[in-house]
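First the structure, then my questions, so here it is.
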Amino acid sequence: MYIIIGQGAAGAAAANELRHLNPAVPITVVTEEVDYFYSRIDLPDIIAGKYDESDSVLQSAEQFNSARITCKMGQRVVSIDPKHKDIELASGERIAYNKLLLATGSTPVIPPVEGANATGIHAVWTLQQARNIIAAANSAKSAVVVGAGLIGMKTALALAVRGLSVTVVEKLPRILPRQLDELASGLIATQVQEKGVKLALGTSVERIEQTPDGKVCGIRVDGQNLACDLVIMAVGVRANVELARTAGINVERGIVVNEFMQTSEESIFAAGDVAEVVDTLSGLPVVPAIWPEAVEQGLIAARNMAGVKAIRIDGAALNSVEIAGMPIVSIGDIEGNANDDVITFHKGSCYRKVVMRDRVVRGVLCVGDIRHAGVLGNLVLRQTEVEYSERIAQPTFSFADFMAM
Amino acid sequence: MKEIRKKSADAAVNKLIVKAHRSQTDLAWDRADAMQPQCGFGRIGICCTDCYEGPCRVNPFDENEQYSICGRNQQDLTAGFFLKKAVSGAAALVNLAEEFGAVTEKVVLKSVLQNSDTMVAPTDYTKRYAEIGDTVVQALSAINGIKGREQSSVTAANLGVLQANSINILLHGHIPPRVTSLLTAAAMKQSDPVNLIGMCGGEASGSTPLPVVTNYDSQETPLLSGAVDLLVVGDQCVMPAVITLAGRMGVAVVGASTLTDSEAADQALLKAAAGFTRRAGKVVDIPDYKIEMAVSGHASFAPTLTALAKGYAKGVVNGIVYLGGCGSIVNTQDAAIVKLAKNLSEDGYFVVTAGCAGVALAKANMCQAGASEVWKAVLPEEVSPVLYVGSCHDAGEFLLIARAAADQGLPVFAIMPEITHSKPLATAIGFLAQGITTYVEISEAAYVPAITLQGQLLPLSEWGHLPQALAETAAAAK
Amino acid sequence: MKEIRKKSADAAVNKLIVKAHRSQTDLAWDRADAMQPQCGFGRIGICCTDCYEGPCRVNPFDENEQYSICGRNQQDLTAGFFLKKAVSGAAALVNLAEEFGAVTEKVVLKSVLQNSDTMVAPTDYTKRYAEIGDTVVQALSAINGIKGREQSSVTAANLGVLQANSINILLHGHIPPRVTSLLTAAAMKQSDPVNLIGMCGGEASGSTPLPVVTNYDSQETPLLSGAVDLLVVGDQCVMPAVITLAGRMGVAVVGASTLTDSEAADQALLKAAAGFTRRAGKVVDIPDYKIEMAVSGHASFAPTLTALAKGYAKGVVNGIVYLGGCGSIVNTQDAAIVKLAKNLSEDGYFVVTAGCAGVALAKANMCQAGASEVWKAVLPEEVSPVLYVGSCHDAGEFLLIARAAADQGLPVFAIMPEITHSKPLATAIGFLAQGITTYVEISEAAYVPAITLQGQLLPLSEWGHLPQALAETAAAAK
Amino acid sequence: MKRVWIDSQKCLGCKTCELQCAVERNSVTKTLAAAVLEMPRPVARVGVYGPTGSSFPIQCRHCQDAACLKACPSGAMQRDVETGITFIDQSKCRACWMCVMSCPFGVVTPLKDFKVAQKCDACMHMEEPACVASCPTKALIYGDENDYEKVRLSRKQMLAVHVRSAAESGIGVIGLDYVRGDD
Amino acid sequence: MKRVWIDSQKCLGCKTCELQCAVERNSVTKTLAAAVLEMPRPVARVGVYGPTGSSFPIQCRHCQDAACLKACPSGAMQRDVETGITFIDQSKCRACWMCVMSCPFGVVTPLKDFKVAQKCDACMHMEEPACVASCPTKALIYGDENDYEKVRLSRKQMLAVHVRSAAESGIGVIGLDYVRGDD
């Protein structure tokens, strides 16, 4: 019996791969979600009204059934017993496993500011939360989004589409601070503002104001009150490691795994947003929390669980998104240090930047024209040496040009 | 491209390339990069666009021979491609001669016209090329008749010939000497100093050679200095990009053909002066590279010839080589021709050069009496072992030199390693018609049957083989 | 190619296409098929091979404008492509004039030469095209002066003009009238009957028009009949494939330019007779299609013009249209021009035609006083509503007709739906210079700014729109 | 499994394949003359890049272990089980561009006007890939491993012959340390 | 650096090397008799080509500037730093076949049954390359430059000249003299 806790990108990928490798063995997926495996990336567009919920389903109940994967929906796991190799659900049910995969993902962080317990404060992580936001947005006039990361920015734009007056509050001095540099950030910010979203950057939330009956009515920033009746918290996520920690599995910022996605317990694996792996550029532990990484980890974990040896190659930060009509790809270390050779290409609203160190690509940033970004991204992942010239930052720099060098 | 090749070997040009990069100004090199890969069919001359049933291109990899729609095979196509270029170059030279004031025999004009027919299935290449060669020789001689170099002089090359405190007028392309004279006269009426400089045929125009600011592929760079006050454009060799760039930078452009009289020339000077005024107080970016160069011709060649003949008899001198051509954007500008010239010079060949190739050698400091002790011992005092005779349309000087040299029994060759425009190609055919063995780096040349004429046209595939090949040809000639 | 199109609408040609297929002889259609798809860049004129830094082609699908290495954009490239073709056509017509014995003004020759410069960034298209147009008009007039059609005559068209029991001599390409005369004279000395026929400029040559055996794309088929005893090739429009095929079939080939005197003509007749002897007793494959056709010119046009003017006043006649052009291998041979002519004729336009387009109409039986009652009522007796004036180089007849018609207030147009060679294209420019609105099916025409001159050059994109467009132009002219 | 193979030594960089793919697979009018006037401009799924003389037509390689499949969070990127071809169901594409970012060959193009991703699908619903049909030198080949074997065979034969003829001339080839020159 | 050298004048075209390589490196049973019955058929990494009398065993040349290394997107194609041998880590192979198409010698085989690429790895983990051990005429030699020196010495004259000029032209390295194509 294989048990997988979590039905997100990693969990679903693992479940399907296990079935692909072994047609007979029982597979059970346990998840707190009641909605079947859906694309979390769609949530802001669902909020905007661009897509319907049903559009975001990636694998339905029927599809899980026909793959003979048992899904326990809406069920919480309360504990794991590595010695006896079983798990306990909140309902009291115990299920035994040969191999267990922890794909519990992460949860949005609600920062501990005063007033964070008010109603009308939402995170954007689950389909249910999206429904709540849509309901709240129907009667709200203005919203504040805390955090100018990928989710925060997309949600802010979605709410603007719904007709709300939106302000994004970000404590760092630019939007998408981890994915973009200052120049790129400015390019995107211009577009975002043209869509009607206001930006309050380099600003921290001091306090959340609420009405006497506990409804949010404003945010206090820089000593001033920003009135709103809807708040979105998008300041980051935290890996759901509690189950593992309680079970005595080695946990840092995420569940620590080796190159086989195996935890400190031999029969227990971890994959996806909950897993802590190594970043190829820094050599440091990192919890990547991105979709392609989660899928890859799920596949690797599944293969090892099924007895097929597979090794995860250290990856790098990988982000792609479209914000306010501008495509963005950000890979690896896009700032570099003072000695790095930084090559840029800037023409109109197309900005591309390649950070080179000792003839190896360390970081890639493309805004506006993202063609062939994957070629450069792969060079980051593989840390391949390249003979390069300014051409490497141009949108037409292709795989053939790389081969010819 | 395994190594990243430098765009230019010219340090001055490179400075302005960097400036262009910073201001995001596209230059020819950027456009060439964006053009990669270039179509191989056109590159090796197996594509025809002569008629509207085309274009026709044949598969060079097929085991079976492929024919174009009207029945041309690969050889026919490459031969036709080459022939058209040769004819177009001959026409261009005849045009120049006419423009410069020569009176071309109608029969010469007709000959060029006849050779312009595209659909005529050529049956006799030898006859065709002989006609083209003769036409070219006549045109070059006519040009020489109008502006042959009477005496030697000294001028300078490279971007440093621009002067921050003068009105800089850049004569670009092949401009008739009378136009240069009109401008010179108009210039003298100015209170501010006027600096007439040239490039791509505009230099060495008129009786006194103008300083030459750069050569073909870098023709956009002088504008980047910000110091050009008027651009006068002649025929041919003017990239449309230069005119566009001048427009963007607010530099006035005047067609040389519009300068028909002194009034027009005065108007042009007014524009130039206005440009100069507009940039008063602004800092200009003139790279500090200015190399002295000697300019001479057949008229002053006798003492040198005597010295060379002596040296040949002693076995110190091996012959005379003409180095011409334009440069090619896919190679590092100037690098190859300079290296070739140095090797040939070290091997005992006296070099005669002209055009953009000549400008490259001048920029590399070669067109001066140099450091070579060996050559100092051979040549008359202050005579450079590399003789710059003017623009590529001044190749007539070399024809005269070659004849004189042949009379003295000196072996004579020509090498055009990087041809871009058809004039030097046609010039090569003209050389052939005069019995001068010529090497061009154009592969189609290998495809043209019976192109021997009196001389030989040889594709320059392996430069490493060149010394041996020259030696063999010289030995055969003895 | 989605639907299977017929190679030719000409039944006679199709018979020999089948024969070629059986003997596995490749014809132009087979080569065209093998060439598919043709390079789109060349097809729409956005590839340049003017200099050796090329070829340059720009991406027509890129959102950003791409520039060639020397800085030309898509419009520059198409405009330059078109201009080169126009110039080449003008040169070809001037050449023909010279060959035919005209004395061309040196200034005309120079004008053509000047317009041959490729690297000159054109700034004034209008001036250029005006010069080209004038050159063409002069050339066409000169040709007309040499061989203008004095009177009307009747001859025949299509493969059936070959005669099994005569010595068939095929005059192919644009052959000077004096050569035709020499051959005619030499023919008379023969004991066996000699049948001189022509195609692609070889017909309608000389004072008496020769029968025309076929037109451009089917030029290989006469050889397949086995009945051609001598092929005389003139300049232009001769596919190299025809010469190759003649060689393979043992048919002698003689260049028209070698027939300088009667001795040479006699020698040619000897070869032809030898060929005739060689095929004695063998069966020849002459498709039995021979259509009578009238040939006439401006000299005989007066009565017709009067009649047309009357008809125009009555509202029965709408104007005069010149239909020219060569045919295009990717379309069914003859189909489009015949259909166009029929539609125009039905719409009340008197058609003047020449060249390969004219041959197509003749083969379709249109160059005779026809069945149309409407036209019979308008025109003088026995006058065809489609007037064939000769080869495409006889367009000078139309220039004269057009001038006379314009004097009478009749609207005049020209349409060249399928141009292959540059002569008709240049002819179109010539027409423009004379104020005649001309339609050509060449998309680059749309790209050339300021090409209106006195007339308008319009791309023929939608033939369906043609009637309306003509009507509008006519109305505007009134 | 049929797919498009490349004999790059035969590619002359003419870009006919790009034009044909754009016209046949991405234009409305389906003819070149009209397609060049269309807006938005048709976009090709193959790109010919590299220096003159070493050009290479780059298109999707339909990898077994496809990075794009793993990266797509919307289910738009799929694999046809029978043929193994990876393709995009554009109705599901969310324009997240993960595939663009993940494909090591850079063959996925973001269509900015339609906000969906596009890539070569081996013309799976057509009789013959448009690019293959159009290539004048047969640098593009449609078939399976056996069909490409001919190309590999001819390269080995070529090497063998050249090596031997060089050997006969006494230059004595030893095939070591082959260094690809700057040709 | 040890690798397989070829004294081509000694090759008689018996193809024993092909058989041995297939059996020892690609079969399950490791004996010839049984290997010929296996499905899928074992595939050799060396092939003998050329006309009779001029045959030449073609295998990976472990190029200094290896096109296959550049072409591989997954890191499956690697070079062993110590020995310089290029080899494929098949566990990483994505069956994109770029290496197959990029190798100018066509020595990489796409194994359609296993969806991985295969090529000669100089038997790097074995004591002696199977092909070398099997060659009856010692056309195949295993060793380093010094070992091959003996062969070259026997053809000294022309070779020596060639080595020198090759170094000057910068194409470098020992006795390359691979003449590709018509240049």
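Each chain carries a letter (A, B, C, D and E) given by its place in the written order, and its residues are counted from 1.
We take it that contacts are C-beta pairs under 8 Å (C-beta built on N, C-alpha and C of every residue); 3 or more make two chains touch, one makes a residue touch a chain.
To keep track of the chains, here are their UniProt names: A = FAD/NAD(P)-binding domain-containing protein; B, C = Carbon monoxide dehydrogenase; D, E = 4Fe-4S ferredoxin.
None of these values were measured; they are calculated from a predicted model.
Asks: Please find the path from chain A to chain E through touching chains that uses the fewest steps, and give that number.
Replies: 1
Asks: Using each chain's Cα centroid, which is most distant from the centroid of chain E?
Replies: C
Asks: Count the C-beta contact pairs for A-D and for A-B, then tell me which is higher.
Replies: A-D
Asks: Of all the chains, which has the CA centre nearest the overall CA centre?
Replies: If we average C-alpha coordinates per chain, D lands closest to the whole-structure average.
Asks: Taking CA centroids for every chain, report which one is farthest away from chain B.
Replies: The most distant chain relative to chain B turns out to be A.
Asks: In whole angstrom, how far does the Cα centroid of chain B sit from the Cα centroid of chain E?
Replies: 49
Asks: Once you find the CA centre of chain A and the CA centre of chain C, what distance in Å lies between them?
Replies: Chain centres of chain A and chain C, defined by C-alpha means, are spaced 70 Å apart.
Asks: Go ahead and note the Å separation of the Cα centroids belonging to chain A and chain B.
Replies: Chain centroid spacing, chain A to chain B, equals 61 Å.
Asks: Round to the nearest whole Å and give the separation of the Cα centres of chain D and chain E.
Replies: Roughly 27 Å separates the two chain centres.
Asks: For chain C, what residues touch not just one other chain but two or more?
Replies: 39, 41, 43, 57
Asks: Name the residues of chain A that each touch 2 or more other chains.
Replies: Those would be 378, 396, 403-405.
Asks: Could you check chain D for residues that touch two or more other chains and list them?
Replies: Those would be 14-15, 48-51, 54-55, 104-105, 136, 180-181.
Asks: Help me check something: in the complex, which residues belonging to chain E touch chain A?
Replies: 67, 70-71, 73, 75, 91, 102
Asks: Report the residues of chain D in contact with chain A in the complex, numbered from low to high.
Replies: On the chain D side, the touching residues are 47-51, 54-56, 58, 67, 70-71, 73-75, 92, 94-110, 112, 115.
Asks: Which chain A residues qualify as touching chain B in the complex?
Replies: Residues of chain A touching chain B: 346-347, 387-391, 396, 404-405.
Asks: Where on chain D is chain B touching in the complex?
Replies: That would be residues 10-15, 48-55, 136-138, 180-182 of chain D.
Asks: Enumerate the contact residues on chain D facing chain E in the complex.
Replies: Against chain E, chain D makes touches at 1, 5-9, 61-66, 104-105, 144-145, 148, 151-181, 183.
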